[in-house]
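Several structures are given next for inspection.
Shared between the two complexes below is chain A, which pairs with chain B and chain C, respectively.
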Partner chain A sequence: MLGEGILKGLAETARNFLGSYVSKDRLTTVQFPEERLPQAEAARNFPFLVYDGSDWQAGLRCVACQICEKECPPKCIFIEKSKDKKPDYMGKPQFYPAVFNIDVSVCMSCQICVEVCPFDAIEMDNAFELSTCDRFGGLLWPKSQLAKSNDYFHQIHPTAASEVDERLAEAKTKADAKTKPLAGAASSTSPQPESASTT
Partner chain B sequence: MTSRLTTPVYEEMPEDISDRIDQGELLEIALGPHHPSTHGVFRMDVVLDGERVVKLKPVFGYLHRNHEKIAESASYLASMPYTDRLDYICSLSNNWAYALAVEKLAGLQVPERAEYIRVITAELTRLVNHSATIGFLTQEMGASGTPLMYAFREREKILDLFESLTGSRMMCNYMRFGGCRVELPSGWLEQTKKIVEEFPRFLDEYERLLTGNEIFMARSQGVGVLKKNLAINAGITGPMLRASGVNYDIRKVDKYGIYDRFDFKIPLGEHGDVYDRYMIRMLEMRESLKILNQALRDIPAGPIMDPKAKIRGFRPKPGESYGRIESPKGELGFFLISDGSPNPYRYRVRPPSLINLTVLEDMCRGYSVPDTIVIFGTVDIVLGEVDR
Partner chain C sequence: MTELLDQIFVIVKHWLVAHSPFWLQSSISAALSAAAILVVFASLFALTTILERKGLGRFQNRYGPNRVGPFGLLQPVADGLKSLTKEDIVPHSADAALHLLAPIILVTAAFLGYAVLPVGRNMVAIDLDAGVLYFFAAGSVIELTVFMAGWSSRNKYSLLGAMRAIAQMISYEVPLILSSITVIMATGSLSSVAIAERQAGYTGIWPHWFVFTPWGFAGFVLFMIAAIAESNRSPFDLPEGESEIIAGYYIEYSGFKFALFFLGEYIGMFAISGLAITLFLGGWSAPFSFLSWVPSYFWFFGKLLSLIAVLIWVRSTLPRLRMDQLMNFAWKFMLPMAMINLVTAAVWHFMQSGSLRWLVCAVLVAAPYTLLGRGLMQSKKLEKRVYRFAD
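And now, the complex of A and B:
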């Protein structure tokens, strides 16, 4: 019969419409921003710099090795290395970033900076409500804005954060075991990044 | 059952076309450039005789991003997130094609678990792509909203899986040379199994809604026929080729990854019209579910990265390689030449969308303007991949 298929289709639509009143499965919309779905733990959106302790300037893990700057696909990271050194979390003197800027209007949240970082100093955030009225200065984040505590990292990515903590603790105990017999020769055992030059 | 009123008027291109345009007999208009239901920004310059298409010229390049040249000046790894943005509906299969090419170049072995994860994510991507394509197709036929939203409801469930695995819904950037980036989160396989089990319900619902629908059949049967010979000669791949009745699927031909372990069929069309291209995609989704069920059952434990793979300072030996996969849209290939430096000497993408688009004029000639939109919809292109 002509029109049978159309009637069947309309019955399907009606079933979905009426079903949306009783079944959560058929009504999938959420009234954002009043209602919010929980974010996936792996969710990523723009990187941030991790610091240990309470003072962000003293606790930054970043040693300004500039690997992320070189590897970043859209080249949105800008780092200026410091002239002097200051002790890192293992107590070794290291360089630190005098300037560390990320242009989030260019960043594409690909996570490659996180993967290439040998010091676990940069991690992915999951904040997404970041609109600003200033599209130049407001989207060029300096290190004061990028620095976030390790506690915050634990809060947004608990599994990844504990893995990183374990890895760092292991490196620290190894470094301690090496440095104790020959105290003072700390600088020679600092983790050196492999060369990752892009021509 | 329903007879078509439309019959192609112009089997071949008429020759005296410019005179007839000058005399005002034929009308030359531009369809677009607009965003025809999310395929991307695309323009068709058509010459019309009344309502019939006489000539059609696809115009693209509005989304050109210089992907290949950027890749030649960036490291191998840095191109991986850019491959997500080729065909932004199925980023995971793009990742796989690129990873495959680099693995051939560098001689990396992918661990078994990683191969299974790749198959699972690639087949989920196929579900995402085909349900989106069919949703868009109905939208282009004028079924405003409802079928598209049903398709997107199911797509969204799979995108949630992608988010919990890779961190991003669409720009997954998940595969790496020699494996995958992160281990599956706990409970991910169970969630996937649940969605795979429920997916046939959506397909049945969709078939009840569309497959027997008289309007849908009248709009699609016998429209935009792509002949077998033309499809082969033009290098068409993917569901479009199979809808014309050519048995060619790279999953069966190359057996890349571990596709030789799975039991699945290749659906084939007979007429090569819009309806066949729709049905092929519906059937392919059911075959994908079969593969997914087998892969989810058999996935072993183990490492997910080749221990030889290096994330920093990756320099493959000089040489060249071509890696290709059956992406949801057709044959997606990456051709790479390495000169031993950290960035490829030559990087070339073989996009299925661009090559499938070349027969658009042959399929549309003689049909009316609304048919053209529908035929364009079944080519299933994403302009991110066409323009690169």
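And now, the complex of A and C:
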């Protein structure tokens, strides 16, 4: 019948109108920046450096091996190795990066630096509200701006962070298992307090 | 008490006129009516812009503007300030006088129609004997201003838009006037006050509105469709063509003149809705006899707001009609329906009151509608589309 389609259409829009006051799926607006949609777990934007514990300089996982600098396709990472060493999470003295800069205006978020890092020291962040008024210096991030804690890593990528932690803990127990019998043979008491303090 | 409330504005106006010097009295009376119309309908315009944007938003599953005031209610203020402070660009080769006059005459003509609309009992600016005729005459000036706008911009697209606009408006004038003639026939008078008063009686609790008769219902639907087309409102907003030719005939206008076009369009929409209410929906009378203690102007504006809500609803639902679809609809469907409606109204008038009258008139309305609709659709040969993919 003529006009039937129009009446059906009017009924549909009326449902939209009345439904927008009662149900969320008939009013899908997310009023940014007061409200935000949660990001997917694998969402990534720019890299950040992970540090364990509360002191970002002492706990930084990066040992300045420079593999990420060499593998980065647009060459946005700049690393200067330190002259001295500091102990890492397993107690072994390692170099650390005296300078670690990422030029975020060049970075293409390909995640290659994360994939090649043998120490799980660099991971992808998902923060995207990064506007700055300075498009040169403001987008060249130094070590201090890149370092974020392992707890933050757990917050944004829980699965990946737990998997990394498991792997590192496993490696540590294996390393301890290797050194403990040797240390036990050399001196019976000294390794135990050391292994207890580093777990 | 209800009498007092109902007639409060009339009493206040008479008091003010009586207390002014004798030689000024008629001017003051006219000025008061004009001022009241301007204030009320301009505020209604501001309210409608925000209601429309919020309403359209909700129909489209989103919020409307909600940043400016609480719930975005100060948005019209922001819009007004914006249009006042924007630079007024007039094309170099444009006809400057016409370019300036078009929006001014549009707004003036649109406001002229309100002089004959009775917004309440005894509340009409001028009680003309040929009120409805005057209203249509004032409305026709609007068509002229649309063409003035398109011509003076010296822009071929703007001119195209204007030509399409007047073609549309002239074609829809015919069913508009024919459907209002049925009311005039039933009342026997062209005076809008007489038409409203004629519908103010009740049988039991049921009102005597013309929309509750078969010919009145058909006439109301035809009138409203033609009214939407007259005000260039979606789905008939091809001349305006917001998403196609940007703004059609007022593409070269900016700043305050654009705001005046916008104002003129809405004021025209309210005026023609007001006339529909006066002709078919009983004007200022209450829908049930036990509700007649509520002041009459309340009912008029309530009905006006409901019609505006329906117009917004229709705008958000229907896609735009193409020019040829629009013209076909007016000449091939609405004009025959309006003429048959005239016959129906005459039959209603001359038959005796009773269920036979209802049956005959209902058939006289429904049968042409179905047959004509079916006949016109058949000639289009609409079938289910079959797609063949290249493999």
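Operating definition for what follows: the second predicted complex is superposed on the first by the 148 of 199 C-alpha atoms of A that agree within 3 Å, B and C clash if a C-alpha of one lies under 4 Å from a C-alpha of the other, contacts with A are read in each partner's own complex, and residues count from 1 in each chain.
Convention: a contact is a pair of C-beta atoms (placed from the backbone, for glycine too) under 8 Å apart; a residue touches a chain by one contact, two chains touch by 3 or more.
For clarity, every value in this text was computed on a predicted model and none was experimentally measured.
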Could you tell me if A:G137 is touching chain B, chain C, both of them or neither one (first, second, both, neither)? neither
With the two structures laid over each other on chain A, which partner does A:G9 touch: chain B (first), chain C (second), both, or neither? both
A:S20 contacts which: chain B (first), chain C (second), both, neither? second
Per the contact definition in the header, classify A:S109: touching chain B only (first), chain C only (second), both, or neither. first
Looking at A:M124 after the superposition, I want to know if it touches chain B, chain C, both of them or none. Which is it: first, second, both, neither? first
So, A:P33: does it touch chain B (first), chain C (second), both, or neither? neither
Quick one: name whichever of chain B and chain C touches more residues of chain A. B
Could you tell me if A:E71 is touching chain B, chain C, both of them or neither one (first, second, both, neither)? first
Under the contact rule defined above, give the chain A residues that sit at the interface with chain B and also at the interface with chain C. 2-3, 6, 9, 12-13, 16, 28
Which residues, counting only chain A, touch chain B once they are in their complex? 2-6, 8-9, 11-13, 16, 28, 40-44, 67, 71-73, 108-112, 115-116, 118, 124, 159, 193-199
Listed in rising order, the residues of chain C that touch chain A in the complex are 55, 58-63, 313-314, 316-318, 369-370, 373-374, 377
Interface with chain A, chain B side, in the complex: residues 2, 74-75, 77-82, 84, 146, 150, 153, 156, 160, 163-168, 171, 173, 181-182, 185, 205, 208-217, 310-313, 341-343
Going by the contact rule at the top, pick out the chain A residues touching chain C in the complex. 1-3, 6, 9-10, 12-14, 16-17, 20-21, 26-29, 31
